[in-house]
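Common to both upcoming complexes is subunit A, partnered first by subunit B, then by subunit C.
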Partner chain A sequence: MINLDRASLRYGPILGLSPTTFELPDGGGITGLLGPNGAGKSSLLQLLSGLLPPSGGEVRVFGEAPFRNPAVLSRLGLVPEGDRLPTGLRGDRWLRMMGELSGLSGERLQAAMARAMDTVGMVERSRQTFARMSKGMRQRMRLAQALLHEPELLILDEPFNGLDPEARLTLMALLRSLAEQGTRILVSSHILSEIAQLTDRILLLFRGRLLAEGTVTEIRQLLDRHPVELRLTGEAQVLARWAVEQPELAAMRIEDGAVVISVRSPRDILPRLQQAVAEGSLPIRALDPLDLNLDAVFQYLTKDHA
Partner chain B sequence: MIAAPSPLATIRATALGYVPRILQGRGWVLAGLVVFPVGLSLIIFTLIRLKGGDASPAEAVKVFHEVLVKMMLPIMALVAAPAGIREDLEQRTLPLLLVRPAPAWALPLGKGLPWFAWGALWLVIGVLGLQLLGGDPGQLPGRIVAMVGAWWGELALMTLVGLLFKRGTLWGALYFFLWEPLVRILPPFLQRLTFTHYIESLAGSRAAEVQVSQLLAQEQVSTHPALAILALLAFGTLCWALAGWKLQSTPIGLAGSEAEG
Partner chain C sequence: MPIYAPTLPPSPDLHLGQPPALVIMRFDLARLWRQKIGRFFGFTFVAILLVKVGWIYGKYLMDTNQSLRPLQQFAQAILTQGAEFQAGLLNPAMYLLWFLVALVGGGLVARDTLYRVRPLMYAHPVAPRDYLLAKLGFASLLPFAILLPFAILPWLMSLLLAGTSGPVWVTAPLRLLPAMAVSSLLMGAIAVGASSMAATPRAGIGWVLGLVLGAGTLASMIHGLTGIQAVEGLNPVLLAEAWPQLMTGVERPLVTWLPTLLGTAFHIGLWTFVAARRTRPSEAVI
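== the complex of A and B ==
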């Protein structure tokens, strides 16, 4: 469905995406595009959705170059990042126009509008202007326009930004349902947990480079190769004595009322830690992972890459 | 798979989709640009006549040439064009249109048509209003055609300039308010590069209005009315086509900026 062959994107002197190669197979499913802000996620999605042509290499979607290509654009839907919608227009009228621009007309258009608005839960409220809609409602309308023509490939750029937890869960459920019905979904985010809740297939981008590709488990295994810092707060002497007995220990330092240990394969050591605490042999008041955030993940992988 | 819409279907869908925009603030400003000077002229002339004064019908011609043609028409183009496709570029809503299978080149015209129709309606009303002041009824069709033709060309030009330059409104203002007024002193050939020339060829010459201070004016050239309207329509159509070509060929991303494609 998607083939990138050393595709790159430049914005003048700035490199938005380094030469990148990957493939996504046909068929439904969700693929997460993960990376911190500025990693090149939007650049990649703009290449795939045909907004921008590659500066180098080749991008193929459904076997063709997507830039200004109606044959490709009629099979994909895009929900761009941000909260931008045309001012002064009513939701349902705008949706009608987007449907017509997708090649729908007559009863088919009516049916597509009804289905899209029902899917996103906007049947009752779509007659309002965008200015009167809440952020969550506007996000639903943006999703509705992408679903109108029942695309085989749905691209969403940071769709969870600014949504409240309930709206986020609703959107996740909707995306899962669409994927089960055979839609291939590519969704970008800079939050690992968001992507992990949605899919087990991840593309990791950092500073315009594709660092890793695989399932959540594979990505986590990559992480396991690197020491993770944990702060154990409690009786430092006892904690330190326990820590030195652990085979995963890579480094340790004692701070005021706490021990900071650096361990490999944290998922092996954590069950033993849990057991020791349960048995009452380890006086822990708090356990804090210090570097399990996404930036640390990318730093590890970048070192690997180098 | 759904077939991509035809260019005509694209223009129709975009024009109808954006029709509500002309009935909002900017649309009424556009209407006011015609209604205000014409209405004011009507009130002043009526008051003069009520007081037994002499209000010459030639004054209506003066209001037409000096106010509507030279000031209001360019300002209308400067006000309306940024609400066309340029608005989507600036609000970053253009990607939502560009990821559709519809031909991108048809979008500027589709979005500009409601503004053209709305502006043309008020210009016709304005010209008809001025006719109430008097003047030769035989020149009325020429004035209407001149205003509508020039509006078509000026709106298209400003739409194109808005896609070509970041500060399109500034360049447009410079053209309308620096270049066009030079028409009186321009050599004959250069007069043909102004809207004023074609409007005067259609609506009647301003020659009768030339003042002593303008005695240094070059000889005024004239174009046959049929050729003049053809020139205005052709120029406008060319500008719409170039605006469409610019949009079709320019990569425009989510940030509203171009990548090095």
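== the complex of A and C ==
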């Protein structure tokens, strides 16, 4: 569905996105585009949504270059960052124009509007002006305009900014539901927890460079320089004795009632640990992976590339 | 893990609607129609139009009624006649039109900038030229549509009252309509160009008024300093008034043919270029 081959983007002398190569397959699913402010997320989304041509390399969406290409643009929906909408304008009128710009008309447009507003839960309140809508409602209307023409690819730039927790959860549930129905969703954020809640398939950008791509587990396994930390809670001395015999051990420290071990290949050590526990030779009360989450992966990657 | 669906739902039939430029123009027109500003200007223009049409009837009466002979001589002494009368059919409306164009046109592009509507539009199958065409078309068609009854109704009235010997020339629409088209395009180009440089609709109104009045003041100053009257071709207000005069063959027009042609081409070209640059997708960043 999406192919980038050394695609880069320059804003005059400033490099917005370094040559980047990645691929997203066809079919539904959610991919998180993660990175701090200024990482190049919006630049990448501008390339994908056909707003800008790449300064170098090649961008292909649905097999074609998206820049000023109606064949591609009619198959994707964009929800840009921000919640500014013409305050005095009624939501349904604005939605109608956006639908017409997508090439819908007549009864098909009416049906598309009804379906999109139903999907985002705005059937009752779409006739209000934007000034009378809450941030969450405005965000849902922005999502509705992107859904009118039933896009196969939905691109959302920082969609959770400014939303309260309830609206955030509602939007996440909505995105999951759309993904289940077959829409490929690319959602950008600089908040790790948002992406972690939504999906574990990520593209990690930092300072204009794509640092990693894949699931959190896949990426974590590639970080050889940072052995995985596991906390084994139980009798510390027995646990420490067992740990030092393991060839994968890279480091160890003893805490109060626990041992924290750093291992290079958790996949190899975990079966042995499981076997030892089953045999009753290892008194473990709890096993906690300390840095297998997105937060840790993000920190390692950005620290290595800083 | 990502969730994969076995198949995609069928896509709706697209490309069945109207061209994007027309959709955007219609949207802008509907928005203007709902605003109070439209009602105010509508009332004012209708009032001026009624006076114009009434004046045609009055002029006809004075030309045909012997009892009004003394009044006719007085009217001839103080009011415009011949080609100037024909060109004057559009004149009072022009000043008001500049204000309307500033108030409406100033926000046309600036509003989309403020609310970041352009990235959304360009992410649909809308080319930048569609957007520019829509804005330029709306800003130009609005003054043209308002001027149209000023050229047609007095002419019809004159034809009905006195046939081909009425106060309005039979060929007047043929001369006034092209003049109106050029003047309207000039107004539209300046309004859209100025609006594209503004970040808010209010700033857009300021930009339009500033450009129109500023260019006029500059032209007058240079004219006053150098004595070269052709410099007045930089003044958009005079240009818009000069076109009906030139097309109807007024003896001493405000600006002569060459400066009018050059000035109009300069303004339309410059401000369309500015608007095109300022509404490129690269300016419409996410």
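Methods note: the second predicted complex is superposed on the first by the 220 of 306 C-alpha atoms of A that agree within 3 Å, B and C clash if a C-alpha of one lies under 4 Å from a C-alpha of the other, contacts with A are read in each partner's own complex, and residues count from 1 in each chain.
In this section, contacts are C-beta pairs under 8 Å (C-beta built on N, C-alpha and C of every residue); 3 or more make two chains touch, one makes a residue touch a chain.
Keep in mind that what you see is a predicted model, and the values were worked out from it rather than measured.
Upon superposition of the two complexes on subunit A, a steric clash is found between subunit B and subunit C.
Of the two partner chains, subunit B is the only one touched by A:S55; subunit C is not.
Once chain A of one complex is fitted onto chain A of the other, the partner contacts of A:R93 extend to both subunit B and subunit C. Of the two partner chains placed by the overlay, subunit B and subunit C both lie in contact with A:R84.
Contacts of A:Q139 after superposition: neither subunit B nor subunit C is touched. In the superposed model, A:L9 lies in contact with subunit B only, and not with subunit C. Once chain A of one complex is fitted onto chain A of the other, the partner contacts of A:T199 are limited to subunit C, with no touch recorded for subunit B. Shared-chain residue A:E180: touches subunit C; no touch with subunit B. By the touch criterion defined above, A:S262 reaches neither subunit B nor subunit C. Comparing the two interfaces of subunit A, the one with subunit B and the one with subunit C have residues 42, 46, 49-52, 68, 70, 73-78, 80-82, 84-86, 89, 93, 97-98, 100-105, 145, 149, 157 in common. Contacts from subunit A toward subunit C in the complex involve residues 27-31, 42, 45-46, 49-52, 68, 70, 73-78, 80-82, 84-86, 89, 93, 97-98, 100-106, 108-109, 112, 145, 149-150, 152, 157, 176, 179-183, 199-201, 215.
Taken in their complex, subunit B has these residues touching subunit A: 1-5, 9-10, 12-14, 16-18, 20-21, 24, 87-88, 91-93, 95-104, 248, 251-254, 257-261. Taken in their complex, subunit A has these residues touching subunit B: 9-12, 16, 42-43, 46, 49-55, 67-68, 70-71, 73-78, 80-82, 84-90, 93-94, 96-98, 100-105, 142, 145, 149, 157. For subunit C in complex with subunit A, the touching residues are 1-9, 11-18, 20, 23-24, 27, 30-31, 111, 114-117, 119-128, 281-282, 284-286.
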